[in-house]
């Protein structure tokens, strides 16, 4: 059950509401976000919602059967639209493409990528400066200084930045330079990191775990929302299966289901999904046909020379062609 | 290595070619289909193809590295187009939709379905008369007599029929009444059945195994082709994964890969794929965006009353709307 | 619901019982095996079992909630023991090891294997003469003539034979020469083959499908039992997962569950399970610790020279050592 | 390549060794643990190891082909034995059982568990005070104060404690009270946490990820070792598969492989593995038969009343019986 509170609810109203909930045998969690105030109440007894609806300080009340609550479409019918400023919006009617290299390699690469983006009307640039790697001996990214340079160059051109945050201690230092924090698949249930990202007023794109269920992804998003941050994007990036003909099994089914179960925007990552350059376009197109609100893809001036993930990275020509096709598909299904 | 033979190759040419192959340390298999004659030769040694190319009786010769040979796109660049007669073609530039109930229930249902098809320009009707069931106590379909009635009604209206064959002994009795034999997921590696279907001149749609790999599907298709039947359709119908939010993980990735690796047409089965009525449309659209040559989907006048699979079956309204959208997507990607 | 009938039930008693069942809204299936007569009745209504228990011709009656019925331990508390003759029994207190090559290669190999078996007290020999292969161009076994020779040599030494049957047409010709028919993983839901194996009085070892569920395995066994053959062995041989460090994920969990859910003996196949020679012993030991009634394993005089599966085959020394350890483990857990 | 350095290597020797490595085109990482000094060198060129072996400051040198290095058995033939003090050792010839509740609930429960342990000769107690939960609204454990009480009670009785650490900020506060830090499945690739646990001199038990590969587990262990901590235990706790008859697919295969590929001790967690109380004993026995150096299992005075995981928890009677059987199996296989 989600109780939407009035913005001007006062302390005594709050108190009396909380005791009412407790007396009904429900456990209340108070949530205060950049957009609203909520009382999430978890319990099993059948109760008469109207009883609560008429209480002072209550704006509205919703029954939510899902295991996740605030991110569920059961209470919020309208779609969440995330505003990155400068008229760059994502979700609902606003479709966005995000392109860029796996790793940010230097100024020349940034400039070249931005030029490609401007030519093709893309407004959000992806790229890693902190890279999670299975082996401790692998390249872990160029770090915060490179992010600062990137941010400066992007801001000049009105380009927004999405990049991965790997640990709590990085949040504050990255904060001024990123427009969207990305949480990687391996951190999809790093609840500590999710808690902290829920306390900042900055969009977070949360990737599905390597073998995460759809419900686990939504519950991880609930961690962020219930800590105070409503600006969440969900990202499907492929799951593990027995098939070895590709890198991951991009789960297009999940896109359709996430769009239905949640009001949050859903982004497709075909580069990590199928993970094979020559098929990335097909999977990107399929994702948008299935309802994705955006596509994030690895693009590099020369994929053969990329320091990482070159095998799943498009060159500028491939990228430009795909961007045009994606828009056409989008028109049909939206 | 595939050696395409001349149609008029004579016995002595054939003999001398076979001994040449054997002497090179390769194992030759002679294949005679409705369209051509081939000598598939398996071996590992590096050999000079031209040596064989100049032999009498040889039309052309191709190196094929794939584990599967005759179904590979490495030797046959053009796409296989399957002609069902009455100008109904499938593959290459020819896109087809197949609709119908899970089980054929009776004349009234057949008539109603055909009417829906005619209204929406659909030319191939699906439906089961022999049903594979996990439990021996479940309904196993209405059998051959129902197929005969169905066939009569369909022929009158120029409608083609696809239905499942489950065992060798059914092939002959079904032969006059079907336009495409369907091999179900559980029989995807029933090599005995595949061998026999390779000996008839009738199209076969082969479904991927419940947890079959893409390579296994192609090797199963190779069984049919190497027994003499080139008219093969491949069908992606979802695989098993850990996710329980849907019935199967429809593997759109496989569609993109099969289209690239093989010259055979690829059909998507979103009904069994995601297996949830309200999402079937999204997955059908995604499949076509990824390159599918056709879509097979369960449609029933009243899904709630279907004797089987109602939960993944569309009604006529949903079907009509989806058929229109599929054509639009197809135009963009073809 | 399973109704155990009296052996001397007469036609009119049978008739009146069937109508009673039908009137209760249940669907009866009459099953007549080499050991008993049963009426399996499927339905959902709550009914008073005593009503039926007092009917003429009824020996006993059992409620079975499982999807499978006759193979369930819910009605048959005692364990099924399969008697192969010459005092070779399997199930309950009788533990058996089965060894032999992947493919039967010739007389010398047979003689050598039998000698190894006699030295180590093993009474059942495995080996393939019909081999299912993913590719139509692979070696498919030496066939029926080799089986005849093998059978003659084995009978002289009191050795029992288990070998794979791949299609209905082979059952009759193999019948005189085998002691246990093996159904391979790819045929685990070849219902046609299961139906026919249910009609012969010969033990059948049914392997779990490549990605078959435990419930599907039991339902496939139900096909055999409900056609008249109670002599069934279940075999765990590994399932498909994302892990690539071994051939299959030998699912020891399934052994524990099958032993609990069914009265049928459970055999472990560690050779196909983990599929790596140096680990076969560990997995064999673990299987017996988890409760397996038997182990089937690939053993060859010289695994490096085996025509197939050499990488997962033990030599005689490894086999002898393992057989001794298996007996010790068995003593602790039985 | 791993270069074992002499303990008294001096700065200039170190310097000249590093430049030699660099000049050979290898990337050196200097590792200083509680037991030794190493130079891990990553590169692809074939080089003559003796060249380096004769350098000043070098004790020994090993070629390691595995992706993981210091945790590989390719360089360290002997098994790692972890000494918890008071003669409680783990690894090599030392087998240990760890029991206790899912969550530490209070003093009475702790006292009761310790009494059960003393009766059965168990020396390590498990229990959670910080619980990772999929939902932000679930019970997250009783926290640090409960750990302090638990630690005091355990120390009095010579009992060692293993408990889960979820985030970097908890390491320091937990340090005085735990004997083994446990890293849960969801944090198996939380590289930040692994880095920090590599900097303390306290054993760490690292669980395999929910769908982690065997190689990923070893690479995660490499994070800990390469940061300076050699005291690592690996834990198999079940993976995700399509099977729903149990909680997770306990992967006994992984135990056999980890024991072979690494010198680190391997612990089995059958409670989370199969996750069904009535089968936990079978899976524990199988794990030890496959070579596990220890078993961690959930035990509670009254599983029906446990605040979490009751469905997979043994009572004292079941635990006592199993502990006795585990020792018998261990004797046979060690």
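A, B, C and D label the chains in the order they appear, each numbered from 1.
As a convention for this text, contacts are C-beta pairs under 8 Å (C-beta built on N, C-alpha and C of every residue); 3 or more make two chains touch, one makes a residue touch a chain.
For clarity, every value in this text was computed on a predicted model and none was experimentally measured.
Centroid distances from chain D, each centroid being the mean of CA atoms, peak for B.
Should one ask which of C-D and B-C has more C-beta pairs in contact, the pair is C-D. One simple way to say how far apart two chains are is to compare their mean CA positions; for chain A and chain C this gives 50 Å. Averaged C-alpha coordinates give centres for chain C and chain D that are 39 Å from one another.
Separating the centre of chain B from that of chain C, both taken as means of CA atoms, is a distance of 33 Å.
Of all residues in chain B, those that touch two or more other chains are 211, 215, 240-242, 244. Listed in rising order, the residues of chain B touching chain D in the complex are 211, 240-242, 244. Interface residues of chain A, counted against chain D in their complex, comprise 27, 29, 40, 42, 67-69, 132-137, 166-169, 186-187, 189-192, 209-211, 215-216, 219-220, 222-223, 226-227, 240.
Within the complex formed with chain C, the residues of chain D that make contact are 211, 213-215, 239, 241-246, 249-257, 260, 273-274, 278-279, 282-283, 285-291, 325, 328-329, 332-333.
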